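Each structure below is given as structure tokens.
Next come two complexes built around subunit A: one with subunit B, the other with subunit C.
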Partner chain A sequence: MIALGEQTRETQTSKLHAFDSLHPTIQLGCFAAILILTMVTIHPIFLALSFVAAFSFCGFARGWKTALATLAWQAPLVLLCAAINPLFSSAGTTTLFHLGSKAVMAESVVFGGCMGLMLAAVILWFCAASAVLTSDKVMAVLGSRLPSIGLMVSMTMRLVPQFVERGRLIEGNLRAVSAAAPQNSQEVVGGRIRLVSTLMGWSMEDSLERADAMKARGWGATKTRTTYKRYQFRRFDAVALALCGVLGALSAVSAWLVCSRWQFYPALGSLAPWWAYLPFALFMFLPLLACISENVRGGNGRNLL
Partner chain B sequence: MKQLLKQLEIPALVGVPVVLLLCAFFRVAQTAVLSLGIVLVALLIFFVNYETAKPALRQIMPTVVLGALAAAGRILFAPIPNFKPVTALCILAGVVFGRRAGFMVGALAALVSNFFFGQGPWTPWQMYAWGMIGYGAGMLAERGWFKHPVVLYGYGFLSAIAYGVLLNTWHVIGFVKPFTWQGALLAYGASLPFDAIHAVATVAFLLVIFAPWRKKLERIKKKYEL
Partner chain C sequence: MNALTISDFTFSYPEKDPLFTDVSLTLEEGSFALLVGRTGCGKTTLLRAIKSELAPAGNRCGLIEVFGRNTFTLTTYESASMIGHVAQSAENQIVCDSVWHELAFGLENLGVSQAEMRRRIAEVASFFDIESLMHAPVTSLSGGQKQAVTLASILVMQPKLLLLDEPTAQLDPVAEKNFLHALFRINRELGITVVVATHAPETMRAYAHEAFCITDKRLEPISLDEFDFSDFVFDEQGHGERNHDERGYDEPNHGERNHGERNHGERKKKALAELSENNTALSLHDVFFRYTAHEPWVLRGLDVDIASGSIHAIIGANGSGKSTLLHLIAGILKRGRGQVKNKLSAAQALLPQNPKALFVCDSAYEELQEWQKRCGYTEARLAATLERFGLSAHADQHPYDLSGGQQQKLALAKLLLTNPDLLLLDEPTKGLDATAKCEIAEILLSLRDVGTTIILVTHDLSFVACVADSATMLFDGQATCTEALPDFFAQNIFYRPRVDAFMLRWREHQAPLNKGVHAANRSTTTGATTGATTGATPGKSASEGAHAANRSTTTGNAPTSSISAGDFL
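For the complex of A and B:
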């Protein structure tokens, strides 16, 4: 049986439907687990897997240009961790080459490369997550637990575009008084400050009146305020949660076992057999695989299971 | 429980940089995730305390408006790198509406403007850093430190620098490994010009808006009996 709510749930991009149609708590939990696993496993294979998965999902969900631009924007920081810092570190036993009087060690280079990969992967995962976890979903998950904070965040989100609109309105009004047009650059700057000050005063008084209006309409009259639940937890969500939970736990255990046998210093440890990385790889690629398999089948998210 | 959380607020807020430095000192391998966890816990303790105080609608509205103005200002001035009014507005909010409002303005501005700029692992750090600037401004104003304008501009300048240093320190301690002084200095050096712009912008915004806006806000406070 299909729950009735299923048809009504909107999706932003049909491409991401398989992941987008899940309950936001699962999406948030899934990305949080992926992020924590990425930051905890300081191991070249795991980090490379996470990086590739993050880059592909980010590229798939938000476009390859956005993915590359996100990376390019953070390139100096990543390069410092991955390439420049190892030159100064003398930890390790295998000398790669000499830079002046200092030896550059292979172990330091690998460690630095891992940290660079981790930083890049974390940034890309955030970029990928924001394609799916829009602000309204984050509010739906967190806002009901902290109602005042939730109200404040959603009002701030609303006010930013309103301020831009009102700024234009004030500007138009000021410009209409052509006799008072600014004569020199000092007056132009002065006019800008006046504009922002007007905006602040207007919005501040307006917001206090809004507060009174909300109170008059019964805000805070009862102890707990119920909210419209846009997202319902369905059977499909429970199955997806179980799948994510099992896969996440499996990859955490395997990552822990592999990492506890791995070392950077004094010499690099040996790599574990390929199947040890399988659960982690599956978990990292899960969001992307879900979306791709659905696009191939051309159905909705339930086809996956 | 509520009392305990209230007692924990200041230690948790002060504890974030302390834990960051301890992680560096003891060379903790998992610093990246540990430091992110500690900053999230500090933010959560503050938010829960804010929530349990049951702020009235009229109390939260000025905070929301100043937070939205700071976010809009950050977006408006985005073409000039790091020339942003957020720090100045956090200080103003802390001085006029108290330290908790100052913290909330900083946290709201960082969170909301990042929905436009792009969220990242830096979001909780920016929320914390700007929040602390507002919180500190509120605490100093309570003790009457800002009577002399030089102290105010000095605080604005130094807090903008501190903001940059905190975000860099998190990056250096979390990711520049194995830790080397050369690598750390390179990271701080590269961001120095940007931090300098931020500091100058903060003082410039304070010079222009602090006195008139404070007067305006005090008038509104009186008018609406806040």
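For the complex of A and C:
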């Protein structure tokens, strides 16, 4: 009846259907586990696997252009870490060359590179996770545990864009009045202060009206507010959670076993057989594989791998 | 059962005279009532007094009962679930960031169970057909959608009485129709009693059962026919009369034609003549614009020339790019391709849609002082401007404490003190009542008479019909047509101004002036030193007019107001 015909942009990207049908707790849990595993396994192979998985998921979810753009500044970051670490730590046994009186050790370079790689992988994973975990999903998970925080965050999420938009509006409107144009740098600073002051006044004024609207809708009517739950935890979610849990635990155990036999100093340890890395690799690529298999099947979002 | 009974209700703000005395009102269940009255007469106060959480502080006596219950003994819970309240600005009423959360907010407050909440939200979302918007962030909604969500978020609480305070004032005409239609369905299909306070009753007339007016501190019932202007026509002096000839309503441009030639004859032709003489203040040629590379073009190949010293209106539907065009002209938006030539950019001023965007000081007077040093206007001129805009009595008030019309006038006054040659107005009449609109119209005409070029973007077609010299309609990113005014609407069948309270008042106001100030007006026009308006020889252009039949009515002069142009020099 009310002409609301225009379809508003939904937060989801059609490519990420595999996630959108899952309960947000699992999505959050999956990415959290991946992040933690990446941060604790300081091992070149594991970090490389995590980095490649993060990069491919980022490219898949946010576009390869975006992913390559991040790589453009991340590659120098990794190299920088590899170059700087030997300057601070002279542990190791293999001397590459001497820099003045300081010996640069191969082990230090590898360790520095690994730290850089971890940093890059973690950033990429955050970038990938933010494509999937929209604010309302995070809120749905946190909000059911901490309802008042949930409401506060929701109200903040409402006000911040409004604040930014209004700031832009005030600034633009002032630019459109020729007589108000600043004539020296002092006035430019004054203009900024003026903008903030206008913005504050405007928002405070509106907050009175919003407070009335809240009162009119029964704010404070009962001692205990209830919380509307958008997502329900179903059997499918339980199965997915179990699968993620088993795979996550397997990769954690294998990573622990491999890492405990690995060392950077004094000399690099030897690598474990290839199958020791398999559970970890599978877990890291799980989000990407799930999305691809979902898209290939064109299913209804309720297929496990 | 009576939905609402007000008996001998008197209210006064602390240390003030009573706003109204011994007001009585009885509304039956299922009624749709309008509450009208001038700005500041207490419509809002009366509505808020009905809902105890919103009732303003002050001295009150008398009784207000909702479904037989004294509203002041209702608990917050009862009040929230019995009485719904919708205010003017949807933007400020929305509490949460997504539509589903907004709908759930009230129910969460009332402690409604999960299952019940789901059912009620589903029901209301289907009723309003907003299911597709459920997960959308509120920032992505249009103004009309936001107000619909506000209404829905109140209806989930299943109120029996709905109070609305100017709910459509911020909406464009299409969104307004949709909203009123929703309200109509709520009333007729669900039997919910509706009370709407409004200053534009003519659009709601068809939906309402009864109307009440607050005049002289009293509440009187008035007939809905008072708001029916559909059969008005204008005689040559501009006196509005009800047309008893049945055909009057069907004949497309009856009123418009009369009015157009009377009010605009001279100017229009002059404006067009100036166009052809290339006396353009602004010219946009082949303008393409989009906000980002991923979005579609808002403007694609727009050409328009605007004569200096004219009032030019830009009209078009929502999202047709009206405001974008205005911002391009103002230079706020810069990207895009094509040519935007603005000869007056060194002395321009933009009145934003919300005047609050311009206010920064603690009083109206200080507000006008803000640019004094820079522009060098005298204290005397400042005081004269306050007087001229009827704001002297409010000089010490905080800008936010002024009414919508007063805020609009204060913002305009602030801009005019900078002596702009080009005035850009974004929806200058939004949310204003007929009186305030008349005042704005008067100011604009007197500015035009001293040569200011004025461009206004608006949905208000009756305002355009009364004030503008020429108009451009935007459609599909292009200027579909640019014409001088009587001709502009004469061809239209669907997109035409309706006679409303403003138009009636404006015509009545203008009619005596047109005869009376003939001589004085001529002297101010020729005496004006600013280029564009001088050299206008009304007699000459009238004789060249296409509308020979009405030549007799245009022997006067260009429309003017009681203010002499000299006030602004």
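Observations
Everything that follows uses one rule, which is that the second predicted complex is superposed on the first by the 243 of 305 C-alpha atoms of A that agree within 3 Å, B and C clash if a C-alpha of one lies under 4 Å from a C-alpha of the other, contacts with A are read in each partner's own complex, and residues count from 1 in each chain.
Following the convention adopted for this analysis, a residue touches a chain if its C-beta (ideal position, glycine included) is under 8 Å from a C-beta of that chain, and two chains touch if they have at least 3 such contacts.
In this text, all values refer to a predicted model and were calculated from it rather than measured experimentally.
In the superposition on chain A, contact of A:L77 is made with subunit B only, not with subunit C.
Residue contacts after overlaying the shared chain place A:I42 against subunit B, while subunit C stays out of touching range. In the superposition on chain A, contact of A:L169 is made with subunit C only, not with subunit B.
In the superposition on chain A, contact of A:A91 is made with subunit B only, not with subunit C.
Contact with subunit B, but none with subunit C, is seen for A:S130 once the two complexes are overlaid on the shared chain. In the overlay built on the shared chain, the residue A:A221 is in contact with subunit C alone; subunit B does not reach it.
Within the superposed three-chain model, A:S144 lies out of touch with both subunit B and subunit C [touch as defined at top]. In the superposition on chain A, contact of A:V177 is made with subunit C only, not with subunit B.
Once chain A of one complex is fitted onto chain A of the other, the partner contacts of A:N295 are absent, as it touches neither subunit B nor subunit C. On subunit A, the surface touched by subunit B in one complex and the surface touched by subunit C in the other have residues 135, 151, 155, 157, 162, 197, 201, 205, 210, 212, 214-215, 219-220 in common.
Residues 1-4, 6-11, 135-136, 151, 154-155, 157-158, 161-162, 165-166, 169-170, 172-180, 183, 194, 197-198, 201-202, 205-206, 209-210, 212-222, 224-230 of subunit A are the ones touching subunit C in the complex.
Of all residues in subunit C, those touching subunit A in their complex are 51, 53-54, 75-77, 79-81, 84-85, 87, 89, 91-98, 100-101, 104-114, 117-118, 121, 127-130, 132-133, 135-142, 144-145, 148, 153-154, 157, 174, 178-179, 181-182, 185, 327, 330-332, 345-350, 352, 354, 356-360, 371, 374-375, 400, 415, 418-420, 424. Chain contact summary for the complex, subunit A toward subunit B: residues 36, 39-40, 42, 70, 76-77, 80-81, 84-86, 88-89, 91, 108, 111-112, 115-116, 118-119, 122-123, 126-127, 129-130, 135, 146-149, 151-153, 155-157, 159-160, 162-164, 167, 193, 196-197, 199-201, 203-205, 207-208, 210-212, 214-215, 219-220.
The residues of subunit B lying in touch with subunit A in their complex are 29-30, 32-33, 36, 47-48, 50-51, 54-58, 60-65, 67-69, 71-73, 75, 104, 108-109, 111-113, 115-116, 118-121, 123, 171, 175-178, 180-183, 186-187, 190, 208-209, 212-213, 216-217, 220, 223-224, 226.
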